[in-house]
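First, the structure itself, so that you have it in front of you.
Naming follows writing order (A, B, C and D), and every chain is counted from residue 1.
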Amino acid sequence: MDVRQKEASLMNGSAIMQWLAGSLPQKTGRFSLTATRHVRHAITLCHALLSERGEASGANLAREVVEAYVSLNEEEVEAFFDSLIHLFSPDPDIVTRIAETYRAEPSQSNLLALQHAVEPPRQELFRRINMAPNGTAILVEMRRRVLRGLKQHPQWQGIDGDLEHLLRSWFNRGFLRLQRIDWNTSALILEKLTKYEAVHEIQGWRDLRRRLDADRRCYAYFHPALPDEPVIFIEIALARGLSAHVQPLLDPDSPVFDPGRADHAIFYSITNCQEGLRGISFGNFLIKQVAQDLSLEFPKLKRFATLSPAPGFRRWLEAQASDPANGRISELLAELAMPNWHRNQEVADKLREPLTRYCAYYFLHAKSGQEPLDPVARFHLSNGARLERINWLGDTSETGMARSAGFMVNYVYKLAKVEDNHEAYVKEGKIAVSSHVEALAKEKPG
Amino acid sequence: MDVRQKEASLMNGSAIMQWLAGSLPQKTGRFSLTATRHVRHAITLCHALLSERGEASGANLAREVVEAYVSLNEEEVEAFFDSLIHLFSPDPDIVTRIAETYRAEPSQSNLLALQHAVEPPRQELFRRINMAPNGTAILVEMRRRVLRGLKQHPQWQGIDGDLEHLLRSWFNRGFLRLQRIDWNTSALILEKLTKYEAVHEIQGWRDLRRRLDADRRCYAYFHPALPDEPVIFIEIALARGLSAHVQPLLDPDSPVFDPGRADHAIFYSITNCQEGLRGISFGNFLIKQVAQDLSLEFPKLKRFATLSPAPGFRRWLEAQASDPANGRISELLAELAMPNWHRNQEVADKLREPLTRYCAYYFLHAKSGQEPLDPVARFHLSNGARLERINWLGDTSETGMARSAGFMVNYVYKLAKVEDNHEAYVKEGKIAVSSHVEALAKEKPG
Amino acid sequence: MDVRQKEASLMNGSAIMQWLAGSLPQKTGRFSLTATRHVRHAITLCHALLSERGEASGANLAREVVEAYVSLNEEEVEAFFDSLIHLFSPDPDIVTRIAETYRAEPSQSNLLALQHAVEPPRQELFRRINMAPNGTAILVEMRRRVLRGLKQHPQWQGIDGDLEHLLRSWFNRGFLRLQRIDWNTSALILEKLTKYEAVHEIQGWRDLRRRLDADRRCYAYFHPALPDEPVIFIEIALARGLSAHVQPLLDPDSPVFDPGRADHAIFYSITNCQEGLRGISFGNFLIKQVAQDLSLEFPKLKRFATLSPAPGFRRWLEAQASDPANGRISELLAELAMPNWHRNQEVADKLREPLTRYCAYYFLHAKSGQEPLDPVARFHLSNGARLERINWLGDTSETGMARSAGFMVNYVYKLAKVEDNHEAYVKEGKIAVSSHVEALAKEKPG
Amino acid sequence: MDVRQKEASLMNGSAIMQWLAGSLPQKTGRFSLTATRHVRHAITLCHALLSERGEASGANLAREVVEAYVSLNEEEVEAFFDSLIHLFSPDPDIVTRIAETYRAEPSQSNLLALQHAVEPPRQELFRRINMAPNGTAILVEMRRRVLRGLKQHPQWQGIDGDLEHLLRSWFNRGFLRLQRIDWNTSALILEKLTKYEAVHEIQGWRDLRRRLDADRRCYAYFHPALPDEPVIFIEIALARGLSAHVQPLLDPDSPVFDPGRADHAIFYSITNCQEGLRGISFGNFLIKQVAQDLSLEFPKLKRFATLSPAPGFRRWLEAQASDPANGRISELLAELAMPNWHRNQEVADKLREPLTRYCAYYFLHAKSGQEPLDPVARFHLSNGARLERINWLGDTSETGMARSAGFMVNYVYKLAKVEDNHEAYVKEGKIAVSSHVEALAKEKPG
């Protein structure tokens, strides 16, 4: 019984109490007796849930653990997480001993024993918490808090590792369901889209309604255990031609286009909703499945492309300016610093060509390791998309001007090419790019 | 990127081909070229699915792997499983090296590294196969085949370990849904109940219909990824008093009882449907959840109890007879060997008392390790139930007479007691038993 | 308030009691006091439901009426129906007076007044009964009983008229839902198909399952108020070529055909399920909607056709034989009277040509009024189908031989032609027929 | 075949064209040729739908009629309605002849014949239009337009009568489904509530959300043929005590009350959504069903009551003032005319007692025929509710002050009493009223 083994490596109840008694108050000095009692209570329930009693009483005890956990305050949660590390990690001596056995004879059964030994009892604890009503949601939320505190509490890395392992397994693409979001969707879910949308903020119900009209599509992945919580969602405009500007797409008063006449599907926003699922990627699958589904619904669609920001461009440009050789850039930055420069036709005309070249150069040559510096570019290129076009004044919103100097980029998803593009990108760091953008990037205009 | 690391420990493509070329034909002698080609094709696809291309093309490649796998014949599947062991296991040298690092410094991050190192690439392969349509069903089926061949192919233990790890995580109680099964259920699912029912075989649609009538209940757990496949199901009779005999319950012509008058819920059959989920237990949860639900629906219910066989009793009795001291048992066995002895009132009267005592003794004193020898007793006692009553001629079917000498047993589930009972059973090997049965078992009648 | 008006024309409560007291016992002589009490109770509730109290208490009183009605025995139901005629019909004097007013001035408002006057209070009673749980089902069942007794109780015609008027309105095609029936359908509904199928009896679950396999389709209309009761259903075989014989279609062991390769959809059975909806036709709509849906699902389908019996043929043939001029027919009938003649190749060969000619003649020239004598022919021809082919030994079942002398007929539904065919049939009595059948029918073979 | 009969009484096609040619252009003078063509086209399709072709082609022709109708402009619709009267009414000569037959012998079969004769062919036309996709919605909409034009076009009364007859039958309570409306409801339906709510206007999504929070309930009736269109809906506040003031209930920032502690359910708004269903009452059923359901969900609820306006009070008061004997009223009205008088405590104190007495008098003695003058009082008293309390300054909104002089009234629904109350109200004009209000109304304060 692997569960029993794991318990063997757990401290027994009185040892736990001792540790809690000894370490909690010292830890923070001002930690109150009440707080200590709360954390002790939660940890005692965790211990019971992992023990024989937990096996028998099943979901009831799991529910109590959840109730105890959600009633902890900020400070108590920190002590709770610390306790999870101290009390529910594997015993290094046992791990080492079994690793020795494996080294001596690396059989499948010794490997299995080692796998069991290295798995922290925390993982089984989390699996049992998952039996509580709403358990999955609680664990996703728990990882969100762990991630937020990770920098300050590097020891929580172990909790993060356990939760990520479980959540990655549970949120396997095979368990997710693609759902269309439209005006028939519940207000509960629509309200969440508004809350989560990070790329182009939704300005109330009227804006949202326009984004769900006949010439738009919105799809989300849902997990069966979180029926009212989108995991990720994507917004699409059905259009004629490759959209270059985002403001017309976002205008709630824009006329509704006949979707039957569309030849392009423009992915203009993709949002991961659950901070607690960070590092578990869904966007790649979502874009491809949606592209497949749309091409069945609208056989006239010729191209699937994004309209994306270049969020790191302006910061990069500023970094370049610090090099005295780049005097030209400093001049450009001075112009960019003027409010509303893009409404001044003369200035805009002057800046257009050099900035566009710098932007192309930025995408193809500015690197973070072997990958492009731009995070959005990393995402789409790694998915196998092709950098197709750089659009001058594609996003003139405050954010768009501040981060991307107004540029919007089209990445094209050609399903027949994504495998090759992805492989070349991962293995050789090769970026799929149109000849036009490649030409633009040939030399820095400086 | 842990995925990248894992690939590093994979052989590269040409090494795979070499291994396949070298080992497949030799393995069986008569292994055909076609068979070799089939296995190679499947393994090559698995390799691709785990590589960069797999990341990009997602579900499509997973579907191809599934198609290749399901078209393999028996012999080819064996070679395929062998290849999974040889080609997708972790590299012992890497594991050992990282175990050393952990030993030197048992930090959370070194622990995480070791966890990654000991996880076979097979696990990630299986996670990706799960993205195929029907992927979960295929993996459950794959484990069924692995389990069936495990005795002959002990090396498959590694595959079993990986699949069990994943399936145990995915079939977490928190993801299962309790569904009532009745005459409104689809014929597709009802047909499966008939196929799976192992305790008291269902004799066609008329029998099934009686079992779903107003005085009966049937519940099953379903997993969202297998919407038409029950994982486990339970059959219940609502009755007045504690049922002692199973034949009246199984009689399709028995009158339908008014369930509002019932004071007992009798669990008379519980069936695990998926061989590929062996070792992952659901019955414990199912019984308790159903008991809770029924007590809400029928507030007059006073007791939840099983009507269960004693499947190991007669074999145990025979084993006892080999001891010359047990002459009395030999006599009893001679009587039992007579066909239809139970219809002879005189014989039955004579056998009743000594056999009942032996049966009580068997439950309380015949052991396998520290646990009772009887497998059904192990299940219910370990769930925290109490052995309540032993019923003479409770099951006079051929099977019932052959295995249990006609005895049926009632185990009572008292929700307020199951935790204590379970803990005493697990920790001290203590069996919860009624005073009546305890008295019966006091001394062997011999 | 038209409801108030209607009540005015109702007798008041004491008059009702008087009538019931006077007429019930006399009616049957042996009518018991208990029976009288039951009918009085039911009628009193009906009266209350139609009165002011009925307006206020709504569904509760309707439920009581239903309970009182369903607990009446056969004899009491008859007295209840008689009472509905005597007590809930319009007052002829009022009708006549309002008809006069209309004659004097045929305005829209006088027309409305007349419409209200001629509507029996029974109709409003039935509308209110419909508010009871299961009310619609009760009314359908009530009409079934009225229809069954109509010959013996011609006065019930008024009840039939009211119920037919309501049910025709409520079961308007616009409210019916087409549902596919397959192995995913509930056992409850599948069991009903088995019970209702009248054309080719379903021999248990195995037979039913074959009829729902991949190369078959079954569709039914359902009404929202009767979610578990099919109104009508149709069975279809997807086939290559125009099926001539029904036995292969009904064979539960026949191999399953790949439906993607089918070029014909063969409607081989259509069943009206609700006797209480007699005279309200759904078959015409069902066939056409199913043909449209199938042609979308299987674009390769070239033709939609029935495989139908000729149920009146043999009786007609026998009637012809009574004419001494038709000596030849008598000879044929003598051969047909021999058991299993169709298994005797020689006899069959001899009969084939003359019987086929008689059958063609029967379809085109044997009339009931202006329409064909054959009831199945009337149905399909009136729907706009074309009589395409007559199949020798198409149905060799006992029933098929007895009624149709073994013939099966194909009627083809060409959607582009059904309007023209129907119009020509209704206006001119013209039968759409293939040239081949027309040629066969040219002259009686006698 | 009654359908055939009806067609006989229709003009034939060329007569129709003649009538249309002769009457349409003359009718309006400026009626364009295009308009004439449109109406002709629509009427021709109606004629075809009612003819043999309509029987055969079913839903397709119905769809064409709907398309033709919805594309008519305002003026064309009028001509279309006129044509429905002229061309699809029964023939008075035939009606009169059959009425004579009935007079001579008032048998059930002659009654049936007369019923058929007086039914306009329009009714069958509407029944067939109902087969079109969305047909029911179109007919509801058509009646809305007929009702709006009825004053100006009294001849449309016949169309109204036909549509009302059909819709009353189709929207029988037995076919309606009660649905809870909450934040899980689709935005599509929620948006419609906002649009339809007539009593207390919904000020955007935030207001709506508060009305659907944990201490509120909202229920609607839906018809299966209009799944996204509420027929009627009701809003309820769960409260402690009998609410006297509506502003706290409508405040989006009001704290959410624990519904488990509520002892009163306050119905504070009920809205009929479909103008085209005018005169077909649902509110009575809805209130009673909701009261039953709530008392099951919240067994602690002691009382079900409304919080309702007195919309005719101020107008009545003004009418009284014209009588010189009522000088006191004129003074009161002068005070009421001052803006925001209710914020002036002194004025309010002075007005309170006399106005409250007038209000009580208004409810008990101001009549329209035998019924109370106040329309809301008529509705609730006719449903069997009791006038319980008159609340001073219950609604201080602009509308509330203007119509009801700020009064709100509680009507109490005691389910055990509604039948008696309703009967006494309908038969004797007796108003169920609390002794307190009765005392207030004893004498006019003037």
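Going forward, a contact is a pair of C-beta atoms (placed from the backbone, for glycine too) under 8 Å apart; a residue touches a chain by one contact, two chains touch by 3 or more.
No experiment lies behind these values; they were computed from the predicted model shown.
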- Work out which of C-D, A-B or B-C repeats the contact pattern of A-D, with more than half of the residue-numbered contact pairs in common. B-C
- Message: Centroid from C-alpha atoms only, then distance chain B to chain C, rounded to Å. What do you get?
- Response: 52
- Note on the structure: Rounded to the nearest Å, the gap between Cα centres of chain A and chain C is 61
- Message: How many angstrom lie between the centres of chain A and chain B, each centre taken as the mean Cα position?
- Response: 38
- In chain B, what residues contact two or more other chains? none
- Task: Using the contact definition from the top, classify how the chains connect: line, ring, star, complete or other.
- Result: ring
- Task: Please give all chain pairs that are in touch with each other.
- Result: A-B, A-D, B-C, C-D
- Note on the structure: Contacts from chain D onto chain A in the complex sit at residues 183-188, 190-191, 204-205, 209, 228
- If you look only at chain A, which of its residues touch chain B in the complex? 51-53, 55-59, 85, 89-90, 92, 95-96, 99, 102-103, 106, 108-109, 111-112, 114-115, 118-120, 127, 130-132, 135-136, 155, 157-158, 161, 165-166, 169-170, 172-175, 224-225, 284-285, 288-289, 383-384, 418-419, 421-423, 426-427
